[in-house]
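Have a look at this one before I ask anything.
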Amino acid sequence: MTATENGPPDVDEPWPGLPPLVDQHCHGLLREVPTEVGPFARWLSESDAPPAPGTSYFDSALGLAVRRWCPPALGLPAYAPPERYLDARRALGAGEADRLLLRAAGIGALLVDDGPLPGAQRTGAALADAFAAPAFRVARLEPLAEAAADAAGRGTDAFLAGLAERIAGAAAGSLAFKSVAAYRHGLHLEPAAPSRAELWTAAERWLRTRPPGGRVADPVLLRHLLWSAVETGLPLQLHTGFGDTDLRLHRADPALLTDFVRAVAPTGCPLVLLHCYPFHRQAAHLAAVHPHVYADLGLTLSHVGGRAPAVLAETLELAPFGKLLFSTDAYGLPELYLVGARQFRWALTEALRGPGWPREDTDRAAALLAGGNARRLYGLPEQR
Amino acid sequence: MTATENGPPDVDEPWPGLPPLVDQHCHGLLREVPTEVGPFARWLSESDAPPAPGTSYFDSALGLAVRRWCPPALGLPAYAPPERYLDARRALGAGEADRLLLRAAGIGALLVDDGPLPGAQRTGAALADAFAAPAFRVARLEPLAEAAADAAGRGTDAFLAGLAERIAGAAAGSLAFKSVAAYRHGLHLEPAAPSRAELWTAAERWLRTRPPGGRVADPVLLRHLLWSAVETGLPLQLHTGFGDTDLRLHRADPALLTDFVRAVAPTGCPLVLLHCYPFHRQAAHLAAVHPHVYADLGLTLSHVGGRAPAVLAETLELAPFGKLLFSTDAYGLPELYLVGARQFRWALTEALRGPGWPREDTDRAAALLAGGNARRLYGLPEQR
Amino acid sequence: MTATENGPPDVDEPWPGLPPLVDQHCHGLLREVPTEVGPFARWLSESDAPPAPGTSYFDSALGLAVRRWCPPALGLPAYAPPERYLDARRALGAGEADRLLLRAAGIGALLVDDGPLPGAQRTGAALADAFAAPAFRVARLEPLAEAAADAAGRGTDAFLAGLAERIAGAAAGSLAFKSVAAYRHGLHLEPAAPSRAELWTAAERWLRTRPPGGRVADPVLLRHLLWSAVETGLPLQLHTGFGDTDLRLHRADPALLTDFVRAVAPTGCPLVLLHCYPFHRQAAHLAAVHPHVYADLGLTLSHVGGRAPAVLAETLELAPFGKLLFSTDAYGLPELYLVGARQFRWALTEALRGPGWPREDTDRAAALLAGGNARRLYGLPEQR
């Protein structure tokens, strides 16, 4: 692990016994990372829009976190300016730069959302190879419905049968399902599974009115996807909290899922609330009182930069140590995996050691949060 | 008061002039506290469910707060492991252990919610005796309606008359009323008192369809209970914020009460928002701008453990020093009263002394928050 | 600048290169500031009600912030008691005291909301003269509608034509528009501009039922005002977050504006979210992902007192450095301008220097937040 000169300490060393991280939710890696400042910086925002005139996506807490953690992995001082960093990246060559960044992240296993990303991406074996770590599939639900609709045309029965087949197939090859219902409609969904008649009517209407490639946003169909996933018994990851311009933030409050959480309880199917910010205290409450609810902070700890310890501490106000998971929610840039991992380790040190708790308790809690909880939840083997 | 070795300082000593605490909202005490880890730990969660497989309710901020404050009261080091602590508790005998814990809490007066709790509980004189402090009744509204319904059968007029009698009786023997409308329906209630016709219709329907022992959850009846309490002029405590699995957290935001707060204003009846977290900033705003609104943090400061100073500081961003009250919201375990008291005193020291305010101002504010506000609001005599 | 003895350091000195502040949202100044404690303290609350019995508006985080920053500007020690401070104010004479306070604020330019305030106020040239700084007009939308209605009587066409004229006139003499739709209805408005028929019907109904001097609260008319402002292309400031007793806080969450934000995006019209607390993280998210969205914290940093650095830090978790603006939202008392300015400079120092970021980056970010962003957004000339 690389040494750094200033700012938050390099926490890979201070917590030597911490097992390798399990990144329980991330995405694919770009095949070719841009090395010009503008195109590179576009990956530093959840926005699909260019930055406002006179501003740069580097001028943010996330931009400074990238400058804090990534240059040292390439042999530069922390906070090297973006131009100098990207020059060094180009000089090393993409393969070597990516390798240095990803190995520095210290991620021992990955669960990868198979949903689509812009640009040519590395997934599956190519991703595992890049990390030198096992990569497991998380099956995104909505594209399964869209692929089934593409295949079925206007045939409602064919669509529903095809969807059921795709979900069964995905369950066989995945460790978890993932829903982006928060984006497509919002989390204020009716809690129960739709009736067969309700489902058929919604499917028929969608197929009839769907433009080619159209996304599924009907709340009845989204509920059917959620319940189809619940029936497999695999953990179900749900996007909650902040995201891109598509999102109505107040509709992504995980507390809106409470009735769904209760309806799922008898099945025992684990629900994993992703990201959650700025509703991470609400998510922590759900994780505290419902045995089958888990949560992570995902990209939050990267985006909030120097405030990562505070946001993690806010989450641990109510979240039991056995119910919070680590993830980077990184996508595209190797830098985002490294930043996610370092921000988490740094935040963990600050948040767990701040209150003066005994070292053996914080060591045990840290091991759970870093990977133990994910290994238990997803049935992964112990590592090292 | 006991000395402690590490972690947050024992703040009973640093603030010697602080008057005894007035716990303005708590519950009954178990007659027999379990001394096995599992059954004991069940009281450390708001959940009615067992912990998730592989986890314990001790592995949380609250669990560590109990381990921080309680072992020293029984002569053990802070953070003694749960097994060792419970062994010591058993060895001392329940009576002596309870006595040591409750006296260490330094609570000078209690207002006790008379709502039902699981297990055999000490209330009234037995509770006052255990604390060696006066205990006053807070009358929970919803059980009054349920008892009136049990007595009236299907007679709507008899029910309404009986309920009015019970409320008058409770007012005569209590310092305040308490509503759990947040649990039964949510705080998004119509603000005005229901009309007589509306009330009669709702009551008739409830009595007709109510299963034996059925709870009152009809919003019209809940509003009638609130307004019946308001008419007595006694302070009305309202559950807001987090709680158990029954609760929809987004329906417990105290800001949802704004129209009700305004409707009550002309009567001058004080409204006391309980717990509030994670909407404590919203509660503080209501307390800041409405003269008749007060708030407490209740069990929050216990549950958030090492973050209690931060959460209290967040509340004091807007809450005037004359409008925030102390309570433990403790129930069942003597440990929860001690933890609530110590967490509050510790948080108070940090939150009031952090900003560099003059000592005489912080001393005065601390005395108001610890008990002065409650004594003024509920008409309690000054103590010591 | 004055020296102070204790508490937060006087940050006018530590950050010598910071350009003069641009106060992008404030109000008029009282002609005669009361010098009795009670009447003076009434200006220290957003409430229009007197304080609760036994309490004072000085007993709050804002009260202590006033006592921290203002006495030194008049030659007294920080935290001088209110009586002593007001005696000194009286002895100096109102003119001299106001001058000392306003000059100490270090505000280089002001944008002044022209909405009505209680009491006799200094605005326009008198305000600019008091600050020795240019003062620009922000045209409040709702009074334009009310003046047009006063002039038109019950003539709907005359009203709509008159309103259009007033808006065009205001645009010609102002740097921005301001809406208080959050107060009048709430931010849960339909996002699109009303159709002509919808507008005509709403206007006709309002004119027919409006009592003399009646306020506009109809959501269709409020939307028409917003879209009329958007069409001028001037930045549109929107009240969000906390305020006085009129406000339903949960209806002032800026996330409720998301669909409106998206509908405005193609026009390029900048939207400026004011105050935002306790939804400042939601506002920061909108500013992070929508290029045309900006935000400020307004009166928040004054009201939260010793917590100003924490609240600013929470906002900068997601808000890009190029999208957050400074304002005091001060009104009435010169003290509130000084407190707003000092709290901001102090919070800036703490929030930007805390995470260990490089000095040149924090200097640049501080200059943007203090005034650079406002100068770029409103087209103000560089100063000094």
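Here the chain labels run A, B and C in written order, and each chain numbers its own residues starting at 1.
Note that contacts are C-beta pairs under 8 Å (C-beta built on N, C-alpha and C of every residue); 3 or more make two chains touch, one makes a residue touch a chain.
Here the structure is a predicted model, which is why all the values come from computation and not from measurement.
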Shared interface numbers for chain A and chain B above half of all numbers used, same, or below, different?
different
Could you work out how far chain B has to rotate to sit on chain C, using CA atoms and steps of 5 degrees?
120
Chain A and chain B, separation of their C-alpha mean positions in angstrom:
37
Do you know which chain A residues sit against two or more other chains?
none
Would you mind writing out the residues of chain B in touch with chain A in their complex?
6-8, 45-47, 49-57, 59-61, 64, 79, 242, 244-245, 247-250, 277-278, 303-307, 310-311
For the complex, give me every residue of chain B touching chain C.
253, 255-256, 258-259, 262, 265, 281-282, 285-286, 288-292, 313-314, 316-323, 354-358, 361, 365, 368, 376
